[in-house]
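One structure is given below, represented as structure tokens, and several questions about it will come after.
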Amino acid sequence: MAVKIRYLFSERGDRWEVKIMGEVDIHSTPEVKEKLELILDEREKGMIINAEELDYIDSTGLGMLIGIVKRLKQNDLELVLAKPQPSVLKLFRITGLDKVIRIREE
Amino acid sequence: MAVKIRYLFSERGDRWEVKIMGEVDIHSTPEVKEKLELILDEREKGMIINAEELDYIDSTGLGMLIGIVKRLKQNDLELVLAKPQPSVLKLFRITGLDKVIRIREE
Amino acid sequence: MEIFKLNIPNKKEYVISARLAATSVAGIHGYDIEKVDDIRLAVGEACNNVVLHGRGSKSIDIVIQVEEKFMKISVSDQGEGFIHGQISSPTPEDYMGSGLGLYIIDSLMDEMVVESEQEKGTTIHMIKNR
Amino acid sequence: MEIFKLNIPNKKEYVISARLAATSVAGIHGYDIEKVDDIRLAVGEACNNVVLHGRGSKSIDIVIQVEEKFMKISVSDQGEGFIHGQISSPTPEDYMGSGLGLYIIDSLMDEMVVESEQEKGTTIHMIKNR
């Protein structure tokens, strides 16, 4: 598959640490959405997505992330995107999504 | 470029250690040929090619390697191909080139 | 001038092939990484739109024309077409998962022209300067 | 049945796009890595032949047809054509850098048919079973 997801619950950070690798596009977005929702179903907690190896995301992927943000917001929880590649960061900036999802660039 | 070459002369092995990374195809073969010949011009010695990261080679690349083998043979020197990926190994086998160029699989 | 043409089935799993083709052509012609990434996303979004909104179309045509100073990419379908208005900035807070595609293309490319005729289909022309 | 079509300039730097397209289609349809690699090389060799021997042709057409049990790939040019004889095993010891392409295709694919007409062009049909 074009996308891979690894995740674990960090007791210390009290949140999910998720790594998405590969391409989140019109084809793989439904699979990613399902996975992230299953993770949150297990424990409704905040989530940090490590995007170091996220090579591509398109508007279908953004729409999916916005859905996750909305779900988390209902419980005052946060979604953070960490270490996005330049092209992903650029997309977040031009769409204004960097104001809805917190980006941690380092 | 689709191909990268790193090389050093091993005094201990008395031969060139060359690593070819990427794709050796109709487009990049001339560049690889030129590079390998320049290396041998510097010192006419045997050569081991580390093919771990050689993702692709086609018949133009094979033809080029045969040229190198012939040049080396004139001075009783050898060309060795080390750690080829399965697809590269398969190509060497079906063309019988594994009888002309020594393969070190480990 | 060089022309590159691709015709893929109008299915979501093929969009990646169009992206790959466009990025490889841009790479061949020495576009830098940032521009290649822009082209990849713009072509991806244009194809997504066909898959999502061009149901009547069996396939997607991608034509890439490489000129000295720019690259022109056209993505066409034979779907329902639509009436194309003004592109406006999205407001992500109330964003419901639609309305981003054309905006992204317009932002990333140097020019975008939408040609659409109802019942005939749509072509999105995009230009990226070198 | 699904059809995928690609038309690229008859130039060596574009052969990689044809390989990429073919591997992505094979990957989409779940061909395993070894078969994807076989297809990549076969398409590469067929396109190399057009670049090397099909000088009269401006472009190369690659048509990929995906069926339930196999994939059929045709690589066509409008070049000089040639008379195609028997394929025989190469003898690498006296190999001078030619005569491997068709042999490789024939070895890696489940079927290969060469259709060539002088002054009209060549099509190589290749089939890879799932």
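A, B, C and D label the chains in the order they appear, each numbered from 1.
To be clear about the criterion, a contact is a pair of C-beta atoms (placed from the backbone, for glycine too) under 8 Å apart; a residue touches a chain by one contact, two chains touch by 3 or more.
Note that this is a predicted model, so its numbers are computed, not measured.
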Could you name all chains that are in contact with chain B and with chain D at the same time?
none
Among all chains, whose Cα centre is located farthest from the one for chain D?
A
What whole-Å value do you get for the distance between chain A and chain B if each is reduced to the mean of its CA atoms?
43
Distance in whole angstrom between the CA centres of chain A and chain D is 41
Quick one: chain A and chain C, Cα centre-to-centre, how many Å?
25
For chain C, give me the residues that contact two or more of the other chains.
13, 16
For chain B, residues that touch 2 or more chains besides their own
none
Would you please name all pairs of chains that touch?
A-C, B-D, C-D
Inside the complex, what are the residues of chain B that reach chain D?
2, 23, 25-27, 56, 58-60, 62-64, 66-67, 86-87, 90-91, 94-97, 99-100
Listed in rising order, the residues of chain D that touch chain B in the complex are 12-13, 15-16, 19, 34, 37-38, 40-41, 44-45, 47-48, 51-52, 89-93, 95-98, 100-101, 103-104, 107-108
Complex interface listing, chain C residues touching chain D:
2-9, 11, 13-14, 16-17, 20-21, 24-25, 28, 59
